[in-house]
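Notes follow the structure.
Here the chain labels run A, B, C and D in written order, and each chain numbers its own residues starting at 1.
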Amino acid sequence: MDYTYAPGRNHLFVPGPVNIPEPVLRAMNRNNEDYRSPAVPALTKTLLEDVKKIFKTTTGTPFLFPTTGTGAWESALTNTLSPGDKTISFLIGQFSLLWVDQQKRLGFDVDVVESDWGEGAKLDVLAAKLAADPSHTIKAICIVHNETATGVTNNLAKVRKILGECHIQDYDYRHPALLLVDGVSSICALDFRMDEWGVDVALTGSQKALSLPTGLGIVCASPKALEAAKTAKSYRVFFDWSDYLKFYKIGTYWPYTPSIQLLYGLRAALDLLFEEGLDNVIARHARLGKATRLAVEAWGLKNCTQKEEWVSDTVTAVMVPPYIDSAEIVRRAWKRYNLSLGLGLNKVAGKVFRIGHLGNLNELQLLGCLAGVEMILKDVGYPVKLGSGVAAASAYLQNAIPLIPSRI
Amino acid sequence: MDYTYAPGRNHLFVPGPVNIPEPVLRAMNRNNEDYRSPAVPALTKTLLEDVKKIFKTTTGTPFLFPTTGTGAWESALTNTLSPGDKTISFLIGQFSLLWVDQQKRLGFDVDVVESDWGEGAKLDVLAAKLAADPSHTIKAICIVHNETATGVTNNLAKVRKILGECHIQDYDYRHPALLLVDGVSSICALDFRMDEWGVDVALTGSQKALSLPTGLGIVCASPKALEAAKTAKSYRVFFDWSDYLKFYKIGTYWPYTPSIQLLYGLRAALDLLFEEGLDNVIARHARLGKATRLAVEAWGLKNCTQKEEWVSDTVTAVMVPPYIDSAEIVRRAWKRYNLSLGLGLNKVAGKVFRIGHLGNLNELQLLGCLAGVEMILKDVGYPVKLGSGVAAASAYLQNAIPLIPSRI
Amino acid sequence: MDYTYAPGRNHLFVPGPVNIPEPVLRAMNRNNEDYRSPAVPALTKTLLEDVKKIFKTTTGTPFLFPTTGTGAWESALTNTLSPGDKTISFLIGQFSLLWVDQQKRLGFDVDVVESDWGEGAKLDVLAAKLAADPSHTIKAICIVHNETATGVTNNLAKVRKILGECHIQDYDYRHPALLLVDGVSSICALDFRMDEWGVDVALTGSQKALSLPTGLGIVCASPKALEAAKTAKSYRVFFDWSDYLKFYKIGTYWPYTPSIQLLYGLRAALDLLFEEGLDNVIARHARLGKATRLAVEAWGLKNCTQKEEWVSDTVTAVMVPPYIDSAEIVRRAWKRYNLSLGLGLNKVAGKVFRIGHLGNLNELQLLGCLAGVEMILKDVGYPVKLGSGVAAASAYLQNAIPLIPSRI
Amino acid sequence: MDYTYAPGRNHLFVPGPVNIPEPVLRAMNRNNEDYRSPAVPALTKTLLEDVKKIFKTTTGTPFLFPTTGTGAWESALTNTLSPGDKTISFLIGQFSLLWVDQQKRLGFDVDVVESDWGEGAKLDVLAAKLAADPSHTIKAICIVHNETATGVTNNLAKVRKILGECHIQDYDYRHPALLLVDGVSSICALDFRMDEWGVDVALTGSQKALSLPTGLGIVCASPKALEAAKTAKSYRVFFDWSDYLKFYKIGTYWPYTPSIQLLYGLRAALDLLFEEGLDNVIARHARLGKATRLAVEAWGLKNCTQKEEWVSDTVTAVMVPPYIDSAEIVRRAWKRYNLSLGLGLNKVAGKVFRIGHLGNLNELQLLGCLAGVEMILKDVGYPVKLGSGVAAASAYLQNAIPLIPSRI
């Protein structure tokens, strides 16, 4: 059944889906179960409680949709907005573009604030637009925390600051627009603070930093978002929060059949994250991101991300010289080195390749990948000095890597 | 992580999710992969081709949505209909009720034709309504093939006959209403003929007779349905067929990330179905259904299904005497015998318990379940003769079971 | 890779290898590890400590040989005896016969005490032989606790009584012969008390009541056996206890490479046994054994075991009438019902078939098997009343089965 | 259950047990089966036929013992020799030392030819000893093909040449001593030719280049060895070839219970080896070995192997300067980098650490390991230039790695 077998381990460095840890694979290796038995609600209860921790929220309400990130987007939008509602949406790369496209097709009046690909969201424009909206016609701000196509991380704390002082207690922000955040390639990897930053809906997908298979779209709603859901008129059933809330109340949790395997998988994934410690997980991603950028620099290549303030610790989009087709790098990685790199998408197709460095990943895995990239660069005619990127990354990592706590 | 461990195998007899065969569990026991590598499209191509066989269609177009049956419903509706469109929908139990509810909430003008629970769809009413609609205001007929809550199978060939002579070539039926069929608890288990019966959208979920985990909502659209999708105005993005069709054309197949594990699992599940032979699979379900009904009769209990013409070969809803609470039977099955039975839902709560007999299941498994039900009936005070149901089922099965082809 | 696929679950009722619980399969689903890292010794330490509990010993020393039961036998013999040593060995069926054969081929002077197959060990003969051995030329008594070929359980407490009063403190029994016990199809299923019964070497295999794959031969040696090992002159290296003891002392535990997967599997298997409670496990086997015997009686067939005092709660050998070939029953079970029964071996070939009822098994699984056996008996021309065995077994079980503790 | 969890993948670079490919893990993820059903003999037959290919023999008879390499040694010896028989055995490192120890303890008269650790077998001594044995008192030559402790590969073709012209047809060599070869860390990785080199018994373990869990000791006997077995007087039962041969003849193959999981695992492992092509597998190991040695050289460290003619393509033992304790390198690798390296054993404890590069492994995995070793060397105070080893290895590999055939 494996049409493309190659010896040794596949080096999976796309920015999702990512490597699944063995304990998670084990937890999912199981027969189906009756989800109406007492066992599944008991398990679900622990998941809903614990999943809040990865959003850093105590007031939010999480939903574990059997869907992908695209479905999670749709749930965030249709539960809080009505057709015709005005939204501001930042387009900074392929995934924010797709979300904008979804927003339009779902009937919202989207005010698209576009940046050059490689730049962050134009937050000064947001400030101006909010200032020009005293009657509060803007219902929601849609922003990706981390644009997976370009490796750009937006500053959410700044977004909140622009939206006004945050009155956590009563969830009444200066400008009442909802803040909807795509955290697909950030949550569980980058610093994310739902409550502190006043995020109203945050979402991620299981196959990203949670290191599970695809299949869970995890959406977390603030009390203000839940309130908005009561009057939002977008048609929705599968993605409707109210069905979930009804079953939460009666304690059976599921309006329709969940994936038993993913529930146990999520339990194992959360256990691993908490065992490592969420802060340590974030620090590990910071190390992996920095090491990657040091290697790119050593190779004499440019990061697609235009400024330091936006660099991403989960994915690095590497720009190649004009005489090289980045898609050839990705093809060759797979064909010769059993290495999976991310393609350049849409506007940056052929111009960048991407190294995903998120999820259950450690430093030596990354160094193996970087060594592979060096050889591929040479393969395609770029005059790289073999070992240079690994050396630069190692010089940093050799100082930065902590001892593994369970092994001290 | 198993809070409710019990020795031995769980006897899973809910009508979904069902038992996963070991070869399918094995196929899914794998790390994530880059779904943009050449391997995943190659795999997907075989799946799309082969999945048509389980719908018995050569002209339909299948979609493998990362969702559940509820999502598959939503995809069927929103791609073919516009808000305000008039539909006829048959309500004969809890699942058709939920689908009707979804149809209403998605903004359609639903003409609900209700039956007593335990009865099939009132097809004579359909005939009358169509006759009274010369201007073709009715856009779709929505019907479940098999109502999982009551164990009632509707006669789809008759529905097509009522809709008029079928002109397969040009897909122009006498009454042009689309025929949308929920085949969640029928496809791969009951005789289902999409092309022959002129079904326009048929759908199922992976955790039913395909014997996979939950997570794939499989939707198959006729050319006429695809045509309708071009003008249907319901908002949709995640469930939109057009995004899939675009990627089918360019050969990458996926508008967003699929579950790698479920794709390989589906491959294995289809391989097993074809190895057994789809007709043999259907015959096996017929045996299991009949054996169950013979046992119920031997126990002196009534089948919730009111007439022989509607009996279901995938699930049997057993009525209990008024002095017994059927929920207690289900609780006790789980607490004492590690047996998972289906609850009575909604109108039949407390009045029926359900034995699911679909998917990867054989006769001795069923007989173990029936022996368990007998003991439980005695536990709760019903004067059953122990062994009576097993005897009745065995008397039939001992004549009916064929040799296993691979072992002759 | 499955040449003999059949729908549904294989009903595995041979007396080993037995069904592996899902948590154990999960625990073993893992890559290899360096067995010299600190993790493996830490794990091994817990295993050695806990495995003593299944032997009911506090003074014994366990060894986890990467071998089968046959290897475990060889380890028991070669570590305690020297070529030419006189042993008394009870031959009561195929497995004791094989052990006797091994004893002879390893050079011991074996005094075989044979019983008719279906009878227990002739313990009165033992008493006579010991009485006639004032000079203590008999060095060891070899006995199977449970003969898997005939379903006969020997009374070990009585053996000890015959050997004389047991002075636990100084391990000086009246007759100093070592007591070597094959507990392959008893330990973890039948009541077994190594210390109380003064057993000097007890052994089992992982694929029996521990419900693991084949691959661990677990041997437990009393202090007296360890003492004997110091002077035993049989050549041995792979099976030598002294190599293990050396590595136990330095804390790395393994003289050669263990199976990482089986170690983690054993950990999971022990955890499940302790969660259920060893006494509950034994009580469950007693229920399964009695239910089986009641069914056999209801069918009008004879148990190969000649007296009630010897009946086995882990395997029942069922005698068939002379006009039936029991091998045909086993063949047909596999070919038509996906049921695996045990063949009659050697002297009882064609005359008995065996139902194994040990390991991770519950009552409804057994009833499914019994229902299958009834149909097969009819298939081969035996005039069984279908349902009769199930009825007899159920009548007993419906009173005897306790609630599942984790689900109360 | 994982006491020592660390994020990301464990980098397993001990020279066995090695990384198990996912398809093999999948194949083994299964319940037990009745090994007496027709399925297991059918599977076994294919295994015995195909396993001969990895030995490059058409005349040999293979045995799949449920044991380890140590057990395979014992089987090779006890089936061909009698106590007191004279053997010549080459001691060149820890594993040959252990084999010598076993030979002595099993009662043979072992003439040990010792080399300095890091040197190959003294074959000139062999020539002399054979020349001085006109009466053919020497019954067997015992030699490891690849000494895992020092990374030394002996030249078996030369051994055969010394033993005299090889008359394949009648298996009558000039000097009739049997040639017993430990191929534990060579077979399936290094060039090995049982028939061509006139090897009489060759053996390996499943957890080495076959990339399975520990648990199979695979022994292959030449016709001459089988002939010798008929008169060999060493006591043996578990390891006895004759029991196997008896069951081979009747077609059930197993004298005792095999591990079902390992049989299916072996099937998958062989399928992968043949898909890659045995010659390609050997070429891959040659690449990995050379790349490792180039890195060691770049680091300014010495290979334990004293001459180029003996270098091993499956394991490299790296010598550290006297002021460094190599055990600290291994400890640190595990504690900080999740990297498992091999310890220096016995005479070279503290002086070497070992990089295993055998089994299911590819080049980027190795480069990740080498990058890790560089950081560790720096950690422990050795003045390595970070990136230097990776650069040297990459420079070679970038030219040497072929395209992956299945992906062209």
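Rule of thumb we're sticking to: contacts are C-beta pairs under 8 Å (C-beta built on N, C-alpha and C of every residue); 3 or more make two chains touch, one makes a residue touch a chain.
Keep in mind it's a predicted model, so treat the numbers as computed, not measured.
Peer 1: If you tally contacting C-beta pairs, which pair wins, A-B or A-C?
Peer 2: Between the chain pairs A-B and A-C, A-B carries more contacts.
Peer 1: Would you identify the chain whose Cα-based centre sits farthest away from the centre of chain C?
Peer 2: When every chain centre is compared against chain C, the largest gap points to A.
Peer 1: Report, in whole Å, the distance between the mean C-alpha point of chain A and the mean C-alpha point of chain D.
Peer 2: Chain centroid spacing, chain A to chain D, equals 45 Å.
Peer 1: Roughly how far is chain A from chain C, going centre to centre by Cα mean, in whole Å?
Peer 2: Here the centre of chain C sits 53 Å away from the centre of chain A.
Peer 1: Could you give the separation in Å between the centres of chain A and chain B, each centre being the mean of its C-alpha atoms?
Peer 2: Computed from C-alpha means, the inter-chain centre distance equals 34 Å.
Peer 1: In chain A, which residues are in touch with two or more of the other chains?
Peer 2: Within chain A, the residues that touch at least two other chains are 2-4, 19, 25, 27, 29-31, 38, 334, 407.
Peer 1: Quick check on the complex: what are the chain C residues that touch chain D?
Peer 2: Going by the criterion above, the answer is residues 1-4, 10, 12, 14, 16-20, 25, 27-39, 42-43, 66-71, 73-74, 83, 101-102, 105-107, 205, 207, 213-215, 234-240, 255-262, 264, 267-268, 334, 340, 343.
Peer 1: Over in the complex, which chain B residues touch chain C? Could you list them?
Peer 2: 2-9, 11, 19, 21, 23, 29, 272, 275-276, 281, 284, 334-339, 360-369, 371-372, 374-375, 378-379, 385-388, 390-392, 394-395, 397-398, 401-404, 406-408
Peer 1: Taking the complex as given, what residues does chain A use to touch chain C?
Peer 2: Touch residues, chain A against chain C: 22, 25-27, 29-31, 38, 407.
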